[in-house]
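Report on the following structure.
Should a chain be cited, it is by its letter among A, B, C, D and E, assigned in written order, with residues numbered from 1 in that chain.
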Amino acid sequence: MTGEQIIFLLTALFTLGSGVMVVTSRNLIHAALWLVSALFGVAVTYALLDAAFLAVVQVVVYIGAIAILFIFAVMLTRKDMRDQGPQMNTNWWFGALLSVLVFGGLFFLLQGWSGLSRTASPIPPGFDSISELGNALISPDAYVLPFEVASVLLVAALIGAVYVAFNPRSGDTRK
Amino acid sequence: MVPLSWYLIFAAALFSIGLFGVLSRRNAVAILLGVELMLNSVNINLAAFWRYGDVSQMAGQVFAIIVFAVAAAEVAVGLALVISVYRRRNTVVADEINMMKW
Amino acid sequence: MSFWNDPLKIAADWLMGIFTGWGMPEIAAQILIGFLGVFLLVALLMVLDIFLVWVERKVVARFQDRLGPNRVGPWGLIQPFADIIKLIIKEDTTPGGADKVVYNIAPMLSMMSVLILWAVVPLAPKIIGVDLNIGALYIIAAGAIGTLAIIMAGWSSNNKFALIGAFRQVAVMVSFEIPMLTMLLIPTIFAGSMGFNAIIEAQDIWYVFLAPLAAVIFLIAAIAELGRAPFDMAEGESEIVAGFNIEYSGMKFGMFYAGELLHAFTFGGFMGILFFGGYRFFGLEQVSAFLAVAVIVFKAFIGYWIIMWVKYTLMRIRIDHMLAFNWKFLTPLAFTLLMVTALMNALLAGTSPWIYTSGMFLSNVALGWIALEVARRYSRRERARVEGVVTTSRSTLVG
Amino acid sequence: MATELLIWLIPLPPVLAFFLIVLLTNRNKALSHTVGVGAAFLSWLGSMVVFVRALGVEHLGEHPFVSSVTWLPLGETTDTYFDIGILVDPTGAAVLFFVAWTIFMIFLYSVGYQNFGQPKGDHDQAGLPPHGATVEEHGHRHRVPSVEPMYSRFFAFLGLFAFGMYVLVLSDNLLTLFVGWEIMGLCSYLLIGFWYAKPSAREAGVKAFMTTRVGDVFMLLGVAYLYSATGTLSFREIFTEGVLHTLATVPSGVLGLSAAGLIGLLLFIGAVGKSAQFPLHVWLPDAMEGPTPVSAMIHAATMVSAGVYLVIRMFPLISLDPTTMAIVAFIGAFTALFSATIAVAQNDIKRVLAYSTISQLGFMIAALGIGAYVAAAFHLITHAFFKALLFLGSGSVIHGMEHGVLHTGDHKVDPQDMFNMGGLRKKMPITFWTFLIGGFALSGFPVLTAGFWSKDEILADAFGHGHWAVFITLAVAAFLTAFYTMRQITLTFLGEPRTKEAEHAQETPWTMTVPLVVLAFFAVTAGWVGIPEHFPALGGLIPNWFHEFVGGTLAEHPEAVEFSIWPLLTSLFVALGGLGLGWLVYRNVKTPAEDRLQIPVLKNKYYFDEIYDYLFVKPAYWFAETVIYKFMDQGVIDGFLHSFGPVTDRFGSAIRNYFDLPVINRFFGDGSANVTYWFGGKLRVVQTGRIQQYLMFALVVFIAVGAALYFFLLA
Amino acid sequence: MSPWIYIGLFFIVGLIIPVGAIGFAWFLGPRKSNPIKRTTYECGIETVGDSWVQFKAQYYIFALVFLVFDVETVFLFPWAVRLGQLGLFAVVEGIIFILILLAGLVYTWRKGMLEWA
């Protein structure tokens, strides 16, 4: 077992463990913090995959922004669910069963796939993935449309979220 | 060298954990947390396929970045909905948000 | 290649020889050497941090026409060590009702978020932790961890003021992160890379001359990101006692405090790297790596001094003004500047350095002037609206 | 400008108009209709230029205008794409011609129909037809029509609709054709339910949407099958010798059809839904709830033609399998006769036309079923003109009648009921004459009108190819067509006014009459391009240009059928006989009671709505109500516990009563109800309103179906 | 060897130092805790109520706007890196991107959502 494999296994275990904590923590803030650690694990995975940009963006976007948003949202919806009462719905066992089934199914499907034992070829020297990414994002015969649409999507999300959550007609915005 | 299968199985496991959260948590915010895990597992797959395929084809990374944007949009709107429901109905329990029954 | 040019390599090779001589596998030796190097750098930083406490106290004293520490050791130099001993032997209390784990992790994360920044800081052409090609984003990522530490500290303290302080601080930090990110894009455009080494190498002309407005905006955003006056939301003593770290004491408080100082110094360094040529100073960096380190530390100190200067000159701004300033002025300005820079960069491509520089400089100045003029007009109108009653009464008097 | 580029640009103005109106100009009515009509005009202009250029190309069939760009990358290899492209071949050009004309005319007509320039209604509200406004003029008050409250929105929808139609006509592959198809489906829903505050309009919209959806699902299956069989959806790639041959020989494994037969059948079911053929015809009459321009646009000129157009487009594929062709012919002929008989007994002026449309579409489908490709295309075009004319004319009549209603103030009078009309020829001369022309064209009035030539060609083809059953059915249907058309004209325009409202009817503004005149012109002349060569006296005066032109689309140029006097005589007889009989019978009819043809079974459209209600709607409601709805709030365990007691109890009493009560009584009385109740209890968890449970069900189904697919298809 | 090893080392050392410092202080410092010491310190008087106060929605709004801009800026980094080589077309693309982005800001501004009060 090589060092990279050991690092991968540790990261995977850490991430999956954090993931389990996310879905089982009673305290929502804890769940959100566990989410942060799971997402950090995913960032490490990206680093292992030589996707430097994704790794850093993962931290910037998820830990820097999405986790903060989650924590703010929990703070805004207070008292309701804190630690009391069941955190799982009545059919949680069924959900668990389905999740196991999905995992089993995916595992089964993956096993039958021929490309599974593929190994990565080394990154060619002088290959700059950021630069390539920039090329891909803005050259007209690649992904310039998704690039522009992404900004539309985000603006739409912004407008939608602002409107949904704080429509002045729905009453006092401060409470 | 880590074989591709490890990444894929890792992602599948993370996906299933997220799925469990989505299906079983009562709190709507916690459901969204589960969705985040699922989206991330998808991203791991995308990055892994990029790395294990033709590296000069950036489709995997571009898709992953688009997924970031989608995740951000999803969280923004999802949490806004939760907050909106909370302000109207004073609950964030997904079971109790069943006005759309009919 | 000599020790004076590339000391790290020489030292690493030497250690390598020793370790492999002990029968250590090469990869383990490499990691061990890396570890030692990192540890050495971090240890030096901590020492520097202690020294920074003294600098900060001395400087603020001078600003306030005082002497500052002057009893312990020559010029009070030993004073910070005394402080540290106090912090170490203080009782470590955790408030009841606090979330113990989160409460204890927060200060560590806060300190860590600052220390890991140094992984990408180039001290000399060859002395750099990692020449990551995404350096600019990396510092934002590290900042994200700092933000998280603040929110963890505030939430876990089980204290209203801590929570409110943390929330305000985070709101300000995330808000000012946008102009900062945008301003990081401008050196990236000039250098065609996000790596700090590449940015420094590309600075035959300091970027402050190409984009003075960007430097100013970056400085403002950095100060807010640091949570220092005039954006020190966390320490709104009159409102929320002491912000997110109100419940912390002893070494844990020390971590927040030292983190803040080192953070400020680090951002002084980033100012130097992004806009003032980093370790380059008229070829001095070619002479010896040690001179290069001296240059960049000197620049970082100047940056740090400017941040202190601002801090001890201006008073704290109210949070609503702070956020309005960011979202309604700084962010649009930053994005406009980004667009103008991108456009000018494309238009002036291929022209002589003189035209390029002066074009960039003038467009920056013009944009800054327009922005200030718009803001001035707006505030005049606003003032007239607010003081409308007064104005009319005065005019009736005149009339 | 290159023709291909121009073709690309044709669909754009309407969709731009849609966005412009929705986003920017929707507050300003004049601006909105300027944008809408202007866009329709631009598209019309482009279409005309393309049409004229198409005429100038020799052998357009072999060298059509084509252009395509890659759109969606597929799979791992880099060179497979879904393409989007345009194709104008002779059929396409001919269809484009009538589509452009009718769409432009309908846009223009809508300006008048929605009362532009009239004052705002007194108590109009969005979602209801305008009720009229009171104005003071020269000191006395009188009521005038009021402008539609959602005027701008109407033009926006029309624009989107026109976009869908142009996309459909110009597309060079089934995928984009399907996109246009579905855009039109959406627009028809929006437009039929335009007055959404009227429950009947709302339901009609839903009905139209759902019914066509049934067809669309099959069509999509057909498209998918076609793609998996051939790997392409482009017409030009499918209609090559090799591909067609493969499709014709590969068995599909269903009903003994070949792959081509099954694909053709599935696509045909899509067309059945869209073109309102039996048994999916039920939506079209109800769709008359929409504003009349919509009826003209959707249900006469364009959308229903889309179904026929699809069959025409896919004709080389569909014609490969004789079984499919027989089904097509049967459905078409049956629909033609069947809905003609219904049309005879309708009193609503638009409903008559609706059934007439279904019937005429049946003619075309039947023609395709017997292989008369050119005749079908010909009838499609002439029909579009005269049916649009008739619908717009009926709209004009209704508009005039509404004027009368506003005058008398008696809102109980239905302005669409033909028995409330009569004698309108003097009040509305332009409408009368154009309507007459349209009606005669529909009936196939000999020589002069377009309908005669196209219908005659269909009959001649049926006769010539020896399809006797189809020939006789269509002849009878044609007779009925002439009959009900004359009935309609007689009741509406001839005789004396039967109500006060009809006396005060008024001619409509120029924006409405100009389209009528233009369309009337085409209703007469469109037929002259296709006069058979050996027609007595007229044959050969004008060459049978249409046959040459459109026939050129097919790889094998279809032979014109041998001229025969019998179908011609039949045509003459059914047209003139039907018209004459209609006039004789309805000359003196004053009230519905005197109408002998008001037979309940016809009046109620053979009870099709009721049958469908009984077969599909009621069970669905029953399922929802009894099985699902009644047991909303408990979990599986709970439900089981709760029902365990009663069931045991019931079981016990069942044994007791076994000796006491007759078996029948117990079985039909308590037993079935209780079993239903118990069964429902088991299933009620299906609908809880809880998102997570829905998700779970979705996943269960997904896993089950996925596993099943995997094991049956892959393993 | 991957540069990420060094980043990892920085993370590890960055954690070890504060952990060591705090652990050292914990080891040396006195541990004589009592309930009074552990009370929440507010402004001197006894604290009232729960620390989990209801926050104003504006925090969420700012975090929301930040999130959107953050993600959008992330898109801009690869763009900026390649800008020098790609000429005017890429610049225009980026400017369109930024303008769309600013439209969202303007909307939020006009809606009055950027006001603190």
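Definition applied: contacts are C-beta pairs under 8 Å (C-beta built on N, C-alpha and C of every residue); 3 or more make two chains touch, one makes a residue touch a chain.
Small disclaimer: the values here were computed from a predicted structure and weren't measured.
Student: Which chains does chain A share as contact partners with chain B?
Tutor: D, E
Student: For the interfaces B-D and B-E, which has the higher count of C-beta pairs in contact?
Tutor: B-D
Student: Specify the chain most distant from chain C by Cα centroid.
Tutor: D
Student: Farthest from chain E in C-alpha centre terms, which chain would that be?
Tutor: Result for the farthest chain: D.
Student: Distance from the CA centroid of chain D to that of chain E, rounded to the nearest Å?
Tutor: Those two chain centres are 58 Å apart.
Student: Indicate the whole-number Å distance between the mean C-alpha point of chain C and the mean C-alpha point of chain E.
Tutor: Distance between chain centres: 14 Å.
Student: How big is the gap, in whole Å, between where the Cα atoms of chain A centre and where those of chain C centre?
Tutor: So the centroids are 28 Å from each other.
Student: At which residue positions does chain A touch at least two other chains?
Tutor: Residues 48, 50, 52-53, 57, 60-61, 64-66, 68-69, 72-73, 75-76, 89, 91, 94-95, 98, 102, 130, 133, 135, 137, 150, 154, 157-158, 161-162, 165-166, 175 of chain A each touch two or more of the other chains.
Student: When you check chain C against every other chain, which residues touch at least two of them?
Tutor: In chain C, 27, 132, 134, 137, 167, 170, 174, 177, 193-194 touch at least two other chains.
Student: Touching two or more other chains, which residues of chain E qualify?
Tutor: Those would be 4, 7, 52-53, 55, 57, 59-60, 63-68, 70-71, 74-75, 77, 80-83, 90, 94, 101.
Student: Going by the touch definition at the top, which pairs of chains touch each other?
Tutor: Every pair of chains meeting the touch criterion: A-B, A-C, A-D, A-E, B-D, B-E, C-E.
Student: Can you list the residues on chain D that touch chain B in the complex?
Tutor: Chain D reaches chain B through residues 632, 687-692, 695-696, 699.
Student: Applying the document's contact rule, which stretches of chain E touch chain A when the two form their complex?
Tutor: Residues 2, 4, 7-8, 52-57, 59-61, 63-68, 70-72, 74-75, 77-83, 86, 89-90, 93-94, 96-97, 100-101, 103-104, 107-108, 111-113.
Student: Hey, which residues of chain E end up touching chain B in the complex?
Tutor: My answer: residues 57, 60, 64, 67-68, 70-71, 74-75.
Student: If we count contacts the way the header does, which residues on chain A are in touch with chain C in the complex?
Tutor: 3, 29-30, 33, 36, 52-53, 56-57, 59-60, 63-65, 67-68, 71-72, 75, 128, 130
Student: Sort out for me which residues of chain C touch chain E in the complex.
Tutor: Its residues touching chain E are 27, 30-31, 34-35, 38-39, 42-43, 46, 87-97, 104, 107-108, 111-113, 115-116, 118-119, 129-132, 134, 136-137, 157-164, 167, 170-171, 174-175, 177-178, 181-182, 185, 188-189, 192-194, 241, 246-247, 250-252, 254-255, 319-320, 323-324, 327-328, 331-332, 335, 338-339, 342-343, 345-347, 349.
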